[in-house]
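Which chain is which? They are A, B, C and D, in the order written, and residues in each are numbered from 1.
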Amino acid sequence: MIDGLSFLLIGAGGFFYLAGSIGLLRLPDLYSRLHALTKADNLGLGLLVTGSALQLPEPLIVFKLLLIWLAVLAASAASAHLIARHARRQEARP
Amino acid sequence: MSELLIWLVALPLAGALAALLLPRRATATAIATGVATTLAAAALLHGVATQGVMHYAIGGWTGGLGIALRADGLSALLVLMNALVVLAASVYASAYFRKPSQRARFWPLWLLLWTSLNALLLSGDLFNLYVTLELVGLSAVALASLGGQTAAVQAALRYLLVGLLGSMLFLAGVSLIYAAYATLDLATLARVAEAGPILWSALALMSAGLLLKTALFPLHFWLPPAHASAPAPVSAVLSALVVKAAFYLVLRLWLDVFPDVVTAQAAAVLGVLGAGAILWGSWRALHAERLKVLAAYSTVAQLGYLFLFFPLLQALPSDASRDLALGGLVILALTHGLAKAGLFLAIGVVQQRSGHDTIRDLDGTAQRLPATTFAIALAGVALIGLPPSGAFLGKWQLLAGSFAAGQWLWILVTIIGSLLAAAYIFRVLGHAFGHGPYPNVAVTLAREEWPALLLTLTAAVVLGLAAAPVWSVLETRL
Amino acid sequence: MLTAHWLYGLTGCLIVALGLRAALLQTSLLRRVVAVNVMGTGVFLVLIAVAYRGPEMPPDPVPHALVLTGIVVAVSATALALALARRLNAEHADE
Amino acid sequence: MSATSLLVFDGLLLVSMVSLAWAALASTDERRSVILFMAFGLVVALAWARLLAPDVALAEAAIGAGLAGALLLTAGREQRQPTPVHGAAGVHKRHDAPLGSALRWAVTSMSAALGGTLAWALAHAFSRGPQDGLAQAVSANLPDSGVSNPVTAVLLNFRAYDTLLELAVLLAAVLGILALGRERPGYAASGPVFDGLVRWLVPVLILTAGYLLWVGAHAPGGAFQAGATLAAAGVVLRLAGRRCIGLPQGTTLRILMSAGVGMFLLIGLALLGFGRPFLGYPAAWAGVLILVIESAAMVAIAVTLVLAFLGGRPQPIRVDALGRAPALPPVAAPSGRTREAMPRAESATAEALERCNEEKVRC
C-alpha cells in the first residue's frame, strides 16, 4: 500500500521534471521557460520528497528532506525573479 | 637533532606570519628569520655530513601513514645554498624596496617562498611534494607580479598557468603510483618499485610536469619574460632556486626513487633536450638587448648542462666514476645558483642606479659601480666555467664522464655552449668597461652591492677551491 | 560491482585529456582557467576511483583527503589567476 | 539498488559529466562556458557521492562548483565591461585568430596520447586487483586520532602537515591578490525578493558552517567545507549589494587571514616543546586540538575566500563618524537567535555580521 503510494508520487514527480525539462527546451521565450522550469521543478521535487518520505524509517530524515525542499523553493523563486527582472530591464533599454 | 628538519620549514613560516602581522617590523623580522634559518641549514649540513641521512616522522606516524621528512647530502647542500642565496637577497631587498607598503607586501610572500623551497627539498612524500610544488608556484607568481607593471603581471599569469599545468601532470603521475602501490612514501617506493607500464607512465607524467616547471627547452618559453620582469631580488631567487627545485625533484625521482624504471633512451631524450637548451639559450642570451633578459636566457642554457648529466649517470657503472659525475652535477648546480643570484642582484643595482639595463648603454658602469661590475664579471667567470669557479669542476666532470661513457656529442655541446657564454659575458663587460664621464669610486652602496659580490665570489672562487667536501657529503644518499 | 572504479577512473583520464587539450588551445584567459580546473577534476576523479572499494567495503580515506587538499589548492590558484587577469584588464582600461 | 540500475545511473552520470566538460570547454561564449563548468562541478559532486566520498562531494559543491564558479562569473562580468580591443582576450595571444589546424591536430593528438598513457597505466594498476591502500593503517590508528571520521583523521592528524602547507598555499594566494590592488566595485543593491532571501539565507549559512565544522569529527564535513559555506555567506551578501559584509580591517584582518597557519604552527611547535613530535597530538588531547585548529582554519579559509572574491584590498567604510548605531534592525534578528546554537568560532563572525547590518542601515 505505502510502496504503491510512494511509487505513484515518485512517478508523478518524475513526470513533472520531464515536463519541465521539455518545456525548458521547447518553449519559445525566456519567461515561459522560467515558468515551466520553476513550476514543474518545485512541484516535482515536492512529489519526490513526499514519495521518498513514505519510505523512510526516521522522522529526522523526513524533516531534512522537507528542509531541502523548502530551501530549493526559496532559491528557485528568488533566482527566477532575478533572471526575469534582468530580462525585463534588458528589454527596457534595447 | 632530526628536529632540525621541521625547524627548517617552521622557522621561515613563522617568520612569514610575524612579518605579516607586524608590517612595521617586517624587514627586521625577515632578516632575523633569515639568519636563524641559515644557521639551521648549516647545522643540517654538518649533521648530515657527520651522522648520515636524517629522518623525521611528522606527528610520530610512521609506516607510510604520516609524512616523513628526509635529508641526505644532496638535499642538505641545496638547503644551504637556498639559505645563502635568500639571506643575501634579503639584505639586498631591504634596500631595494623603499616604500613601507612595498615591504609589507614583499616580506611575508618572500618567507613563504623560502618555506616552500625548504619543504620541497626535505619532503619524503609524493603528495606532500605536490603541495610544496604548488606553494612554490603560487608564492613565486605572487612575488613576480609585485612590480605591478603590465609586462610583469602578464608574465606572472602565464607562469602561473604553466605551473598549474605542470603540477596537475605531476599529480596525475602520483595518482597512478598510489593506485598501484598504495603508498606515497618515497623510501617505501624505492624499495618496491618495479619497471613496467605503470611506473613508466607515472614517471613520464611527473617528469613532463616537472620539466615544464624547470623550463627545460623547448618548455622554457615562459621563463625569460617572468624572470626578466620581476623585481631584482625575486628574479634572483626565481632563476637561482625555484627552477632548480623542480630540477632537484627530477633528479631525486630518476636517480634515487625509480633508478630501475629509467631507461637509457629516456635519459638520452633529457640529454638531447639539455643540449638544445644550451645552444638555444646561449644564442638568445647573446642577442638579448637587456641585461635581465640575457640573465634569464642564460638560466635556460645553464639548466641544459644539468640535464646533460642524465645520460651519463645512466650509462656509467655505479662506482666511483658515477659518484664523480654526480658530484660534478651538484657542484655545477650550486655554482649556477650562487652566481646567477649574484648576477641578478648586480643587475638590479645597475638598473636602479642608471634607470635602465640596456646592454648597449652600459658605458661607464665600471667607473660608477665598480663593485657591482666586478660582481658581474665574477658571475661571468662562473657561468662560462673558467677556473677556479665551481662550474669549471662541474664541466670538467661532465667532459670526463662523456669520455668515459663514450658519448661524444655532449663534449661538443659543452664546448660550444661555453664559447657562447664567454661571448655574451664579454659583450656585457665590453660595454660596462667603456669610458663614461664619471669619477672613480670603490664600493658605493654597501647594502646593495655586497650581497651580489659575496655570492658571486663564493661561486667563482670559494666553491671551486673548497669543493672536495661536496663529494664527501654527497656520499650520504637516501 | 568492481566495474565502477574502472568506469570512473577511465572517464577521469578522458576528462584529463579534454582539459589538457583545451588548456593548450584556448586563447581566452577565462576559458583557459576553466580548462585547467576541468583537467584537475579529471585527476581527482582518478584518485577517488582508486579509493573506491565497491559498495560493501568502506573506501580508502587517504585519496579523499588528498582530493580535498587538491580542491582547495586549485581554487587558490584560480583566484590568483583571476586577480592577475583583473589587474591586466584594469590597466588596459586605463590606457 | 540493483546492480543494473546502478550501472544505468553510472552511465547517465558519466555521459553527462563528459558532455558538460566538453560543452564547457568548447563553448565560444565565456559566460556560458563558466556556467557549464559550474554545472559540471555539481554533477561531479554527485559522482563523488556515488563513489562514497561525501566529504569530497561537499567540498566540490561548495568550493569547486560554488565559489570557483562565483569567482569565474564575476571575472567574466568584468571582462565584458567595455575594454579596448586588445583587452582580456589579448592576454595570451594578441589576436583571437584561429590557431593553425596543424597545431590543433598536434595538441589534440598529444593530449590524447597523454590521456591514453594515463588510462593504459591505470588499467594496469586496476588489474593488479584491489590494493589494501592505507585504509587499514588508517582504521587501525583511528581510535588514537581524536576523531572518528577517517577523512578528518587523515587531513588533521596523520597528514596534518599537508593541510598546514595547503593553508599556506591559500595564504600565499590571498597575499598575492591583496598586493595586486583594491577590491572590485560592489554590486548594485538588489530588489526586495533577493534581499529577502539573503536575510534568511545568511544566518542559515552561518549556522550550517558551524554545524559542518562540529560534525566533521565523526561524519562528513570539516573545516574546509565549513569555511567555504561561511565564505558563501559573505559572497551572497556582497552579491546582494551590501558593501559591508563583516570583514574587519587592518591588523584584525591579517590575524584572521593567518589564523589557520598560525594556530597549526603554534600547536605543532608547542607539542615540540613538550617533547612530542611536531603535530604529534597526545591521544587524549587530539580531539580538542583538532577542533581548535579546525575552528581557526575555518575562519582563515572563509576570510581568504571572501577576499579572493572581492579581488583586492577591502576599502574602509566611512560611517564610523556617525557614532552609535540606531536600534537593531529586524534583519539581524535571525542571526541573533541562532547564536546560542553555534560553536564559539561563529559567534564572532555573527557579531561582525550584526554590526554590519547596523552599518547597512546607516549607509
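The rule is simple: a contact is a pair of C-beta atoms (placed from the backbone, for glycine too) under 8 Å apart; a residue touches a chain by one contact, two chains touch by 3 or more.
Just so we're clear, the structure is a prediction, and the values are computed from it rather than from any experiment.
When you average the Cα atoms of each chain and compare centres, the chain farthest from subunit A turns out to be B.
Taking the mean of the C-alpha atoms as each chain's centre, subunit B and subunit D sit 33 Å apart.
If each chain is reduced to the centroid of its CA atoms, subunit C and subunit D end up 14 Å from each other.
If you average the Cα atoms of subunit A and of subunit D, the two centres end up 27 Å apart.
Residue positions 127, 131, 134, 138, 141-142, 145, 148, 153-154, 157, 172, 176, 178-179, 182 of subunit B each touch two or more of the other chains.
Of all residues in subunit D, those that touch two or more other chains are 91-92, 114, 118, 122, 125-126, 133-134, 138, 159, 162, 166, 169, 172-173, 176, 180.
Across the assembly, chains come into contact as A-D, B-C, B-D, C-D.
Touching subunit D in their complex are the following residues of subunit A: 71, 74-75, 77-78, 81-82, 85. Subunit D contributes residues 91-92, 114, 117-118, 120-122, 124-126, 128, 131-134, 137-138, 141, 157-162, 165-166, 168-169, 171-173, 175-176, 178-180, 251, 254-255, 257-258, 261-262, 265, 268-269, 272, 276-281 to its touches with subunit B in the complex.
Contacts from subunit D toward subunit A in the complex involve residues 190-191, 193-194, 196-197, 200-201, 204. Against subunit D, the residues of subunit B that register as touching in their complex are 3, 6, 10, 13-14, 16-17, 20-21, 56-61, 63-67, 105, 108-109, 112, 115-116, 119, 127-128, 131-132, 134-135, 138-139, 141-142, 145-146, 148, 153-154, 157-158, 169, 172, 176, 178-183, 196-198, 200-202, 204-205, 208. Looking at the complex, you find that subunit D touches subunit C at residues 3, 6-7, 10, 14, 17-18, 21-22, 24-27, 30, 33-34, 37, 40-41, 44, 47-48, 50-53, 55-56, 59-60, 63-64, 67-68, 71-72, 75-76, 78-79, 81, 83-84, 86-93, 96, 99, 104, 107-108, 110-112, 114-116, 118-119, 122-123, 125-126, 130, 133-135, 138-139, 150-151, 153-155, 159, 162-163, 166, 169-170, 172-174, 176-177, 180-181, 184, 222, 224, 301, 304-305, 308-309, 311-312.
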